[in-house]
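Same chain, two partners: chain A is paired with chain B first, then with chain C.
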Partner chain A sequence: MKSWRLPLLLVSVLLLATPAVAEPLDRTSLIAALCGGAGQMGEGASTLIATAVSGSAEERAWAAPLARAVLDRDLACDTSGAVLVQSGVDAVSRTPREAGEKARKPLASLKNRATFELADAALALRSAPDIAARAAALKTLERRPANVPEGLLEVAAASEPDAGLREQIDTLAQTAALNSSDPAARIRALSRVADTPSRRALTKVSALTKDPAYTANAEFRQAVDAATARIERGIAIGDVLATLYNGLSFASILFMAAIGLAIIFGLMGVINLAQGELIMIGAYVTWLVQQGLRYAAPSLLDWYLIIAIPVAFLVTAAIGIAIEAALLRHLYKRPLMSLLATWAVSLFLINLVRVIFGTQNMQFETPFYVSGGVPVIGDFIFTWNRMFAIGFAVVTLALTWAIVRKTPLGLNIRAVTQNRDMAACIGIPTRRVDMMAFGLGSGLAGLAGLALSPIYSVNPQMGQNFIIDSFMVVVLGGVGTIAGTVVAALGIGQINVLIEPLWGAVAAKVIVLLMIIAFLQWRPEGLFAVKGRRK
Partner chain B sequence: MTRISRDRPFLALIALLVAAALTMGMLGGTPFELSRYLTNAIGQLAAFAVLALSLDLIWGYLGILSLGHGLFFAIGGYAMGMYLLKHSFAVTGTVPDFLQFMGWKEFPFYWAGFDFFPYAVAVAVLVTLLIAGVFGYVSFRSRVSGVYFAIITQALVYVAMLLMFRNDTGFGGNNGMTGFAVIFGWPMGTSATITALAVVSLLVLAGVLVGCRWLVGSRFGALMLATRDDETRLRTLGYETLRLKLAVWCLSAVIAMIAGMLYVPQVGIINPRLLAPELSLEIAVWVAIGGRGHLVGAVIGALLVNAVKFWLSSAAPDVWPFILSGLIVLVVLVFPNGLVDLARLRVARPMGPKRLSAEIGEAR
Partner chain C sequence: MVQISRRSLLQASGLAAAGLASPAILRSAMAQSGPVKLGCLFSSSGTMANLEGRLNYVVKMAAEEINAKGGVNGRTIDVMVSDPASDWPLYAQTAKQMLQQEKVSALFGCWTSVSRKTVLPVVEQENGLLYYPLHFEGDENSKNVVYVNSPPASSVLPAVDYLMSDEGVSAKRFFMLGSDYVWPRTINKQLKGYWKSKGIPESAWKEEYVPFGFSNFQTLVNQIRAFADEGGGQPIVVLTVVGSSIPDFLREFANQGILATDIPVLGLDMVEADLEGLDTAKLVGHLNCWAYLQNAKGPANEKFLKNWADYVKTNNVPFSGTVSIDPMVSAYDAVHLWAMAAAKAGSFDVPEVSKAFGGLTFDCPSGYKISMTDENNYVARGVFIGSVNDSQGFDVLWQSDGTPKPVPFSPYG
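This part shows the complex of A and B:
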C-alpha cells in the first residue's frame, strides 16, 4: 500500500512546484483543460493553484468557484466551452447562458480530486470574503501540510486582515516549509520553528526523525537534533515558569484569604470560622456592583472590579464589626467557644445567601484587563486574571503592612497583640482596637472575595474551599505576623502546585498537612512566632 | 461509688435509657410497638449520643477540642459497612454497587476477612488506635494545643474526606457503600432488626455512659481535670501528662468508632459525607449546647439537637440551619455551660468573673 504513495507525493509536489505563471491567465484554455482528459484536468488544477498564489485579485475572484464546481460536478462542458450549472452562467465570460444539449460533466479522477480540493482551499484562503470560510480553507490545507503550494501561505498571511487567523497561517507556513522539497528551506524552517518552542512544535520536529532525509542528509539531521534540543529546553523553561507562576497566583489567593484571619487570630486568639463566608460575601458584593453598573452606568461596566474594591471592603468590614460587637466581644477569654460561635455565623451567612441568591454560580463579566494572556515561552502563558490576583495581593500586602506599621491604629494593634493587659494598662482602648482590627481583617476577606471572582466560581459554598487552606497558612506562619503569612502562603502555594502534577490534588493536600504536622514538631508556634508573647 | 449514687441526673438518665431499651424490646412484635421510623430515629440518636460522649470526654474533661472526631466515627462506619457488604455478598450473592461502579471483578485484597465480624471490629480498633495514637503522640509531644489542635484535627478529617472521595481507594468512593441486605444473618429493614439495632444502641449508650462516669469519677478522672485546668503545674508536680492525654485521646477515638459502627447499619449507607468538617464541628456543637464537661449534658445535647434536626429537616429544611446557628449563639452567650445551666436555673451574666475563672483552662 505504501509503495504507491511516495511516487504520488513526488508527482504532486512536482506539479505544485511549477514556476508561478507571471503572464495573464488564459481563461478559455483553462476551461478547456478542465473539460479535457485526466491529464489535462490535472494541469488545469495546477493552473488554478498557481493563480491562487500569484494571480491578480481579479483573476483569483474569477477562478474561485471553478475548483469547487469540478468537485461538485457543477461544471457542464459543451461545444462552446462550459457552464456553471448552479448559477447558470458561462464559465469563461460569466454571462448568463444555458448549457448545450450534449453537455458533459467532467469527473475528477482520484488523483486529481486531491489536487482540486487543494486548489479550492488555496483559492478560498486567498479570496473568500468572510473569515469563517478562510479559516475552513486553512483547516483543509492543514490536513496535508506537505502538499501546500509554496509561496501561497506567505502571500495569504500578508493579505490576511485578521490577526488570529494570520498567526495560524504563519504556523502552517512553518509546518509546510518543514516538509518542503528544498533541504535548505527545511533547515531554515527548523530554526524558525525552534524560535517558538511548544509541545506542538516538538511533535512536528520529532516527526521529522522518521523522514528519509534524516538518515540520508547529515546536515539535516544535525538541524533536526539541534531544533529538538532547543525546543525541549524552551519547554522545560516554560514549564518551570508556569509552575512558579501558578504557585505564585495560588499563594496570592491563599495570602488574601489568610491575612485577615491571621490579624484576627494574632490579636485575640479567635479563629474566625466565618472568614470563608466573608470572602464569599466579598465576591457577592462584587457581583452586586457589577449588576448595579449594568443598570446605572453600562459604560463603566468593565471597571466594576475596580469600583467594587471600596464597596467590598466596607461591606465586609461592617459585617465583621457587627459580629465582633454582637458576639465575640463576650467570648475573648473563651477562644474555643468563639470558634463555635463564628461557625454559627458562617452557617447563618451561607444559608442567608443561599435563600437570597440561590445556590447557582454567579455570572461575571470578564473585563479586558483580566482576559486572555501573553504566551511567553514553551507552553507558559502569562494570563492576566492570575496576574490581577497576584498584583492585587501585592498591593493588599503593601497596604496592610503600611496600616500595621505606620498608623496609630496599627501601633495599637501591635501593642494589644503583644500584651493585651499591658496595653490596657497604658491606656490603649483594647476593646475598640479589637473592633477596628476585626473590621480590618474582615474587610481583607472581602477583598479576597473580589480578587477571586474572576478566577473561581462564586456560590454560597465557596468560602469553605479556602478556610482550611487558610488555617494551614496561619498555623504554619505563626500567629498574627504578616511576614509569616506571606512566607507560609508562598510555601504552601508552591508545594501544592509542585506536587499536584505528580500525584494529584488530594495527595498534595495530604502531603502539605503531613509536612505542617511535622513542622509543628520543630516549631509548635509556627514560623515567625515571637518568643514569650503568648503563654 | 458513693459519689455516683448521689449524681441524680446521671442515675435518672441511665434509668431512662435502660427503661426505653427494655420497653422497646418487650413491645417489639406486639401491636403497641413504635413505628419503624421512630424506632430507627431513636437508634440513630443513641449512636450520636455515644459520639457526643466521646468528644465530651476529651474536650469537657481534658480541655482538648477535636474538630476531627468524624474521622474515628467514619472508621467505625466504614469497617461496619465493609462487614455488611461482604456478609450480604456471602449470603445473597448480590455484587456490591461499588464493585459495579468501578468495573472490578472482585473485592480489593484489603477487604479479605471482613465477612468475619470480630475481624472487622479488630481492624477498626487497630486502625483507630494507630491513627489516633500517632497523631495524638506527635501533637501532644510538641504541645500543640487549644485552637491549633482544633485546626489540625479539622484539616485531618478534611484530608481524609478528600481521600475517600476518590473512587479508586476501594471503599466505594463518592457514592459510598450501600445496599446492605443482611446483618448477622437477619434481613435488614425488618421491624425486628430495626428494633434490635435501636435497643443495642441504647444499651451501648448506657454502657458507655456508665464507663465514662466511672472513669471521670476515679482518681484518673481527677488527674484529667487537673490537666485541663493547669497542665503546667501538674507537670511540675511530676505527673506525666503526655501519656494521660494520649490514653484519653485514644479511648475517646475508640468510643467515637463504636458510635460509627452503631450508626451505619441504622442509616444503611456510609459515604465520605461523614468525613465532612461540618459534621465534626457539629459534634462539638451538640456537646456545647448540652453542657461541656457534663456527661449527661453531652448526651442531652446530642439527643436534643438531633431530635430537632430530624423533625425540622423534614418539616422545614430551609429553616434548620438558621435554628441551629441561633441555638449555638444563644447557648454560647446566655448559657456558657450549655443547657446544664438551664437545669440549675442559674443563668450566667456575660463575662462574669466566676465564668472567667471557670474558663481559664481553655484560654491556654
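This part shows the complex of A and C:
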C-alpha cells in the first residue's frame, strides 16, 4: 500500500465510524431508506438506533414514532416521501398532509423487524415522556441483552430522572459488561447474570470457560464456576416448578371438564355423551356475554369472564334440566338407550351451534388478567390464563363440595346416589333430585367452558376434545366421588406432563390410557369407590 | 274426519314415492345429454369442517362461472356435494359411490394426506379423476390424481431456504412440531435430508409429534423455549400440526411471551382461516408458505375476492365472504383446469381428458399463470411466503419470480 493512502483510509474509516455523532441526521434520506428494499430498511433501522444513542434531543423526538410506525405498518410511502397515516402528517416535515395515491406501506422482513423493535425500544428509553413507557422499553431491551447498542444504557442512565428505573438500567448495563476488558466488571456482570437464571444465561456463562481469562485468572474462574452452579440450581428449581405447574394446570382443565360428568354419572348412572357440548355451550354463552357487554357496557368489557359466570352456569343448567325432563327421565331403566339419546343430543347441539354461529373459531377479547405471564425462576413462566383456570377449578371444587356436603339438596343427592329406592321410601322426591342434580352437573360443564375459553379455541367441535379425557378421570376416580375426581385429575395431569418431554405427546396419551386400564384391572371401582349398597 | 286405513296409506305413500323418484329415474335415463356431474369430497362436519367446508362452495362457484359461459362441450356442470365427516375411510366410500352410482366426471377433494391416501386406490380402480387442492408431501404420482397445489420442492423448501438465508433470519436450528400422520412425518424426513445435505449437524434439530386434535401445548412450548435457549444460532419452529391444533398452539406460544423476532414459526398448514378468533397482534411476523395468499396483488385476485364475497352473499354460504385461503383458490383453479382439459379433449372420458392436460394454462387469482405439462399431473404454481399481520391475515413477505417446475419426488426423503 502506498504511504499516502494510509492517512486517507484512516480518515474515511473515522468518517464512517462517527457520522451519527458528528453529522446531523439526514431526515429525508432516512425516510427514503425506510421506504426502500429490505437492505435499505435494515440500514434505516440502524440509523434510528444510532440516533437513539447519540442524536440530539430534538432528533430523537423526531425519530421516536418512526420505528413503531414501520412495525405497525403505519408509514405510507408515496412519490414525495412518506406519511404517518395515524397522525396524518408528513414523515419528514411533520406538517399535515394526505398520503398520495398508490401509497405503499413497507413490510419489515423478520430480520429487520427485530432491529426495528430494538430501535423502537431504544428511542422510547431515551425520549418517552412517560415512565411506564420507558420501563416497558427497558423490558424489551432486557429480552436481548446481547443486541443492546453500545453506549445506549450509559447515556440513558445519565438522563433518567427516576431513581428506580435508573438502577434497573445500571443493572442491565452491568449484565452487558460480561465481555468487557475490565475483570472486575466482568465478575460483577457474572453475578448479575446469575441473579436471573435461565438456560440462555447458562449458555452464555458456560461459554466463558473457553475464555483465556478463565485459566489465567483464579478469581474470574471462581466467579464463573459459582455463577454456573447458581444458574444450574435455578434452572433445576424452575424445571421442577414448571412441571408441577403444568401438571396442575392440565389437572384443573381435566377437573373442570369432568366434575359435572362425575355428578351426573355418579348419581344416575347416565353416561352423558353431551357433556362436552355443554362445555362448548358454556364457552359460547361467555362469548355472548362479551358481545352483550361490548354494546351495553363497554367499560365492563374486561370483566366479561367474571360477569359471565352466573349466566354460563344458569344457561347450561337450564339446558341440562330440559334434556333431563324431555328425554332422559324416560330412559333411566335403559342405560344403553340413554347413552344413544345423549349422543343424539350432542350431535344436535353441535349442528345447532354451527348453524347459528358458523364453524369458525370465536373471537374473544383477552383481558389483562388472562394474558401473558411472569418469568419466575429458571425457565418457569407463570401464565395468567392457566392460573385463572387453576383458581377457577379450586373455587368450583369448593362450591361443589359445599353444595354436596352442606345443603339439603346435597344431602338428597347423596341419599339417592347410595340407595335410590330407600331414599324414595323415606320421602325424598327422587324425580326432583334427579332433575336438580342433572342441572348442577350441566351447569358445572358450562363453567368449564367459561374457564377454558381463554386457553382453547372456541368452535362447535371443541366439546369432543374433552369427552374422552373426562371419562378417563371419572372412571379412574371412582364414579361419582368429588375426591376421586380431584385425585384422578391431578394424577392424570401430572403423569401426562412428566411423560410428554421424555417420550412425546402421542406416547403420553397411550401410556396414561394403559396405566388407567391396568389400574382398573386391580381396582374396578376406581380410586375412591362409594361405600354403600350399589346394585 | 277422514278415516285412513292402513292399505290406503300404503297405496298413497307408494304413489308418492314413485312420484318423487320418477324425476330421478328420468334424469338417469337422459344422463348422456343432461348436465355433466362433478363430485366434491370435502367434510362439512368433524375436525376439518371449518376448513374443508368452504371448498364445496368454491367448487360450485367455479362451476357457475363456467355454466354462465355456456358450460363445457355444450353441457352445463352439476356439482354433487358429500360429507365424509372428517372420517378417513368414509372418503373412499363416498368416492366409490360418486364414481359408480353418480358417474361423476371428476372428483375434487381431500385436505389431509391421509384422506387422499384412502381415496387413491378407489380412483385408480374405477379410473376416475381426483383434483387434490392442497400442498402436500409429494412422493406420489398417480395418473388418476391431479396435484393442483405444490409438492415440498416448490413450497416448503423455498420457505425454509428463505429463513436460512441472510435476508431471512439466518436460521441455524429447527424445532419440528407436527400432528402424528403421514404429511408431517414425510415433510420432516425430507427436511432432515435437506439439512444434512447442507452440512447442518443432527444436534441442530428436534422433532416432536402430537395426536390429532391435540390442544394442551404448554409443555411443548416449554420444550421449544428450552431448545431455543441452548444457543448455537437462530432457532425456528417448523409447524406441521393441522386443524384446530394450529390456533391452540399459536395462542400458547404468544401467551408464554415468545415473539416472532425471538423464535419465528413457519406454519406449513397455517391459513388465514386459522387466525380467525386469535389476537394476532402478539403473533405478528410468524410465517407460512403457500401458492396463494389473500393479500396477493393483481386484478385476478381482486376479481376472485369480489366474486367470492358476492357468492357468499347471494347464496347464504355459512362461511366468511371476506376470508379466502389457498386451498379455496386451488379448488377453484382445479375446476377451471378440468373444464379446459375437457373442452380441449372434446370429451368427458377420463383417459381423453388426461391426454389433454399438457400445455394447459390458467390465470390463477394468485397473479401467476399456472400451467400443466405432459410429464406428470402436477401443476406449476407460484410460491408465496406470508407474514402474519395484526388483522388476522398474512402480508406477502416474499414471492417467487415465476412458477417453479414442480418436482414430485424429493431427493432428500
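Things to note:
Basically, the second predicted complex is superposed on the first by the 360 of 535 C-alpha atoms of A that agree within 3 Å, B and C clash if a C-alpha of one lies under 4 Å from a C-alpha of the other, contacts with A are read in each partner's own complex, and residues count from 1 in each chain.
Going forward, a residue touches a chain if its C-beta (ideal position, glycine included) is under 8 Å from a C-beta of that chain, and two chains touch if they have at least 3 such contacts.
A quick note: this is a predicted structure, and the numbers were derived from the prediction, not measured.
With the C-alpha superposition on chain A as described, chain C and chain B clash in the combined arrangement.
Shared-chain residue A:K333: touches chain B; no touch with chain C. Within the superposed three-chain model, A:I381 lies in touch with chain C and out of touch with chain B [touch as defined at top]. In the superposition on chain A, A:P96 contacts neither chain B nor chain C. After overlaying the two complexes on the shared chain, residue contacts for A:V506 are found with chain B and with chain C alike.
The partner that reaches more residues of chain A, of the two candidates chain B and chain C, is C. Judged by the touch definition given at the top, the superposed model places A:W343 against chain B, while chain C stays out of reach. Of the two partner chains, chain B is the only one touched by A:M472; chain C is not. Applying the stated contact rule after C-alpha superposition, one finds that A:G373 touches chain C and leaves chain B untouched.
Shared-chain residue A:V355: touches chain B and chain C both. Here chain C runs into chain B after the superposition, and of 26-34, 116-124 or 314-322 the stretch doing so is 116-124. The interface of chain A with chain B overlaps its interface with chain C at residues 350-351, 355, 464, 505-506, 509. Across the complex, chain C meets chain A through its residues 45-47, 49-50, 53, 163, 166-170, 180, 208-211, 213-216, 218-220, 222-223, 225-226, 229-231, 244, 247-248, 251-252, 255-257, 259-262, 264, 273, 276-279, 284-285, 287, 318-320, 387, 389-390, 395-397.
Touching chain C in their complex are the following residues of chain A: 38, 71-73, 107, 109-111, 113-114, 117, 143, 198-200, 202-204, 207, 242, 246, 249-250, 253, 350-351, 354-355, 358-364, 366, 371-373, 375, 379, 381, 383, 385-386, 455-462, 464-465, 496-497, 500-501, 504-506, 509. Note for the complex: chain B touches chain A at residues 59, 65, 135, 138-139, 141-144, 146-148, 150-152, 154-156, 158-159, 162-163, 165-166, 277, 281, 284-285, 288, 318, 321-322, 324-326, 328-329, 332-333, 336, 350-351, 356, 359-360, 362-364.
On the chain A side of its complex with chain B, the touching residues are 265, 269, 271, 273, 327, 330-331, 333-341, 343-345, 347-348, 350-351, 355, 464, 468, 471-472, 474-475, 505-506, 509-510, 513, 516-518, 520-522, 524, 535.
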